[in-house]
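Consider the two complexes below, in which chain A is the common component and chain B and chain C are the respective partners.
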Partner chain A sequence: MNAWALARRTVAHNPARAVLAVTGVGVIGALLFNMLLLSRGLLVSFRDLLDTAGYDVRVLAAQGSMVHREPIAGATALANAIGQLPAVERVALVRTDSAVATVPGRQTRGVTVTLVGSTENAIGGVWDIVKGSSLPLVSPAGSPPPLIVSTGMASQLQLEPGASLQIRVTLPGVASALPAIDCRIVGIGHFTFESSDEYTVATTMEGFAAVHGAEDRDSADLVLVASRSDAGPSAAAAAIALLRTDLRVYSNDQVLEQFNQNAFSYFRQISAILSSMTLAFAFLLVATLLTMSVNQRLGEVAALRALGFPRRRIAANLLCESALLVGTGGIAALPLGGVLAVALDRILRGMPGVPARLHFFVFEPRTVLLYAALLGATGVLAALYPIWLAARLPIAATLRREIIS
Partner chain B sequence: MPAGTVTALGHVSIRIEAGDYVAISGPSGCGKSTLLHLLGCVDRPSGGSLVFEGRDVAGLTESERSRIRLTRIGFVFQRFFLLPMLTAWENVELPQSEAGVPKGDRRARTRELLDYVGLAERSGHRPSQLSGGEMQRVAIARALANRPPLLLADEPTGELDETTGEQIADLFDRVHEGGTAIVVVTHNPVVAARAGRRLAMKGGRVVDA
Partner chain C sequence: MIAFTVVTFVAAFLAAAALPAVTADARPDLPAVLVSRQLAAHAGLRTGDTVTLALDATGSGAMRFRVGGAYEPTPDPMRFTARRLEARMHLPDLNAITASPSDPGSVESVKAVNVRLADPNDAAAFASALAARAPGIFARPTARTRDGPDPFVVLERFHLAVATVTVLGSTAFLLALMTMRAEERRETVGIIRLIGVSQRSILMGVLVEGLLIATSGAVFGILVAVAAQGAINRFFQWRYDTALVFVRVTMSIALRSIMLSVPLGIVAGLVGAWTLLRRDLPALIRR
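Let's look at the complex of A and B:
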């Protein structure tokens, strides 16, 4: 009978202890698995969102930040210059603003929306049309600005393609004097970066300018660039940075790095602290149970040693016992952790301003490997003290003590 | 107050020959079990020498002494110390498995031993399902599993009633007749009477041989 078989029998012989250990490790393991999913989840999901959009370089004004962007002046000329670069495949200008949308003829207050204007009729994966058509390349003169509205908004306001919608741009902190402009809905779509607490409306750059009146027609908040596959985003970003000094140019990797160092680092730190704590709890639980188990079986261990079982065999038995308890609990923790991750992800994605498609907990095979390695190491460490206790046992004195007791 | 050094055994010279049957008796604390543990290579003497089959035990590593205990010495304890999660069969098979005996040989030897101690019918029972006498018989079968030339027993009837004790003594007789040397520490005069040599100990010394 090898060490595994003996460990299995020992564990089965003490069902209460086994259930306690497996349940404890299961719960702790679920939390650990969650924390590991969280540690990289945002990064992986954000990378996925950026890649889905179909652009791998982003150009911003030097002032402002990645989140609070300042307008880039002379955007059309800049887009043309960028488009001429050999490393660039295509360019799109993007403007965003806050606006109020009202359905004509309804006695309801308008809803606040994020208004997006773009030079492209469909900005890659930024929105996916689910009904109607995309923005037209050219709008007939005098026709109302075309709109794509988000699915959530269409559902809330019962909007269909062909319906009219009035858009009035709002200015932060002041009453807007801009008039409400009649627009026409051409399509309904999913917006990749829309959060659960906001509605998004997209239009053409001309439509965006129309709802703003005549002012500031040649600016953009963001320039999206797709690099040529043979050049790559780094070369494209480097070439764009040479065009103007008042710009900041980021490849997707650099955007990720920025977020990773700033916004996401809180989650990473929380994850690291909670992971360490869960591992400490798992260590304490298994070490305590194994130590208790050894203390209850001192006579048996001493007898086995007297019968000629070497120390390494006793150590192997305890190591296998630990591995069995931690392994079973660890495997049971995976589905539990998965369910918990889905629930927590739903809660966190409901936070204001978080894109609905951004996930905090993302499954990756490497996370399972890391989880298994961490739990395995914990199981080994937890077995060390009981192993030392059993291996160093004075055989004769223990047998004598067991007889007297 | 620091504990002082206790000399458990002193001036003891004993030679166990193949096929001997030796009983050691004496009052509690006289050093009987210590002597048994020395003979069984569990302990090493702090002075003097202990030679087992021509090898000086003091010069052996822990691993070498373990191997001797596994293959050359059988141990029977007062409290049996069977593994509670294993059946009688598995308890007897375990030392053979540790010694690397092939599976077929293990099975044959285990069957033979359980039959020998009269427990062939109880081979699938766990220790908790056996009586004290049955547990001790399984323990004796386990001790004989690797065909050791020396069997050491520490108060093997200490936990048993008189009748069962006599059955165990009978079993020791049969083991001895099979050629195995036996050293038994016992307070039981019935068991001691079966031995060919009887040693009496007192204060860590052999006072009567």
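Let's look at the complex of A and C:
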């Protein structure tokens, strides 16, 4: 009988204990798996969001941070200049502001929305149209500004393409209020960066200026650039940076790095701490379980040694036992970890301002490999002390003690 | 009675401002400014130094100030990853820097007003009344609500979920260990039963033993948590250069942990003892 067969028989000899141990390893393993998913989940998900938007370079004013930025003056000329660069394929200007949207004829209070003005009107960009049409390239003079509302807002307010919506921009820090402007919904869409606690409404740049009192400031909060596939975002970013030195130019990789260093660092570090504690916990418990198991079978081990079993064989037997418990529990932990990841992800996505499409727990094959390696190493380390106990026990004295007791 | 705060602080434009640290003699005639500890370390500033603050790197609106001292910024959990390069000055001095010649009202403009009410319970009503009287004003109470969109409520739920899973996993292990422990005492319990000790007495003994072990374990766990609390806080305070406290083991948390772990430990011990006591005497003393 080889070491594996002996280990299987030893574990099966006490099924209740084995089931409890495997359950414990499974639950702790699920937690470890989740923490490893969390360590890179936000990064992977955010990268997917950025890449889905279709642009790989972002241009901001030098003043301010990635989130709160000063407007870029001379935006139209800047967009034209960027569009003529050989490394650039497409350019879009974006302006954002807070507004209140109300449905004409209804007595209900308005909803606060993020109003996005953009030269972007192509499908598959910052938003995907699911109903109606995209923003028109040119709006007839005197016509109400066209809007695209999010699916959540359309569902909440029962809006359809063709319906009217009044938009009133809120201007913090100014002792005045702009009147509400009648607009027309042309489409309903999914917005890539919309969070679950706020609605997004997109319009043309002309529409954005109209709701601001027809003031055409020729500025933009953000310039989105798509590079040519043969040039790449780095070349495009470098060329844009030479155009205007008062601007900050970021490729998607650089944006990710910024968020990774700042906004995401808390989750990365909490993941590292909880992973370490989970591994320490698993090591402690598996080592305790195996040690108690060896202590209960000292006579059996001494008898095997007396029969001629080498220390190596005894150690292999205990190692197989550890591998069996940790391995079975570790495999059971994967589906359990998946269910737990869905639950924890749902909790964390309840944070205000988090895009609804962003996920904290993202599956990657490398995570499974890392998880298996860590759990495997823990199982081996946890077996070292019981192996040492079994290998160094005095055979004759142990057998004598067993007979006397 | 409403008290207005008259001291405000600047953050955004300071990052772009030139701050030559001139170690000249103290200029008591210059207005004083307090700088954050982080800014003082970053720019090499000391009390008495003369600095120039401006709106942008070109020096528009520049004014000279005397560094009156350094302060530790109030830790802000929403901005703990941000470098706190800040300064505090008197409001008229800030308005003098930021005033726009084309806007006479800019000399008297502020971004926020802090209000302390005679009765804090009137906060919501006061905020609503103020917003109704002054269009464009956002007034809100500073007290956080425990429900609604609050990132810390979400984090609390997340940590509670992780703690629940950890307790479930450790309970499974505890049951396994207690079962093994009970099995180790099989013969001893059989002999005790043979000499006439009742099952009830054995169970009481297991109960008391479980209570002692569970309580000792819970207290030990609290001590480990307190030690870990210090290490985690020191690490993150060093990492983010902040005075924010990240982990705090309060009496309430310690009591909740003990109230959960002690009954779990006792129940695990009783389950282990039950697996033994349900057997008949010959099965207990069999060799």
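Criterion: the second predicted complex is superposed on the first by the 396 of 405 C-alpha atoms of A that agree within 3 Å, B and C clash if a C-alpha of one lies under 4 Å from a C-alpha of the other, contacts with A are read in each partner's own complex, and residues count from 1 in each chain.
Following the convention adopted for this analysis, a residue touches a chain if its C-beta (ideal position, glycine included) is under 8 Å from a C-beta of that chain, and two chains touch if they have at least 3 such contacts.
Nothing here was measured: the structure is a model prediction, and the numbers come from that model.
Student: Just to be sure I read the superposition right, which of the two partners does A:280 touch: chain B = first, chain C = second, or both, or neither?
Tutor: It touches nothing on chain B or chain C.
Student: Between chain B (first) and chain C (second), which, if any, makes contact with A:350: first, second, both or neither?
Tutor: So A:350 only meets chain C here.
Student: Going by the contact rule stated at the top, is it chain B or chain C that touches a larger number of residues on chain A?
Tutor: Between chain B and chain C, C touches the greater number of residues in chain A.
Student: Just chain B (first), just chain C (second), both, or neither: which does A:288 touch?
Tutor: Touch status of A:288: second partner only.
Student: Touch test for A:403: chain B only (first), chain C only (second), both, or neither?
Tutor: first
Student: Of the two partner chains, chain B (first) and chain C (second), which one does A:369 touch, if any: first, second, both, or neither?
Tutor: So A:369 meets neither chain B nor chain C here.
Student: Pick one for A:130: touches chain B only (first), chain C only (second), both, or neither.
Tutor: In the superposed model, A:130 contacts neither chain B nor chain C.
Student: Which partner does A:16 contact after superposing on A: first (chain B), second (chain C), both, neither?
Tutor: second
Student: For the complex, give me every residue of chain A touching chain C.
Tutor: Listed in rising order, the residues of chain A that touch chain C are 14, 16-17, 20-21, 23-24, 26-28, 30-31, 62-64, 170-177, 197, 261-263, 265-266, 269, 273-274, 278, 281, 285, 288-289, 292-293, 295-296, 340, 343-344, 347-348, 350-352.
Student: Spell out the part of chain B that touches chain A in their complex, as residue ranges.
Tutor: Contacts found on chain B: 33-34, 37, 40, 42-43, 62-63, 66-71, 73, 75, 77-79, 81, 83-86, 90, 93-95, 97-99, 142-143, 154-155, 158.
Student: For the complex, which residues does chain C have touching chain A?
Tutor: 12-13, 16, 56, 80-82, 109, 111, 134-136, 138, 149-151, 154-155, 157-158, 161-162, 165-166, 168-170, 172-173, 175-177, 179-181, 183-184, 232, 236, 239, 275
Student: Taking the complex as given, what residues does chain A use to touch chain B?
Tutor: Touch residues, chain A against chain B: 1-2, 6, 9-10, 12-13, 299-300, 302-311, 313, 395-396, 399-400, 402-403.
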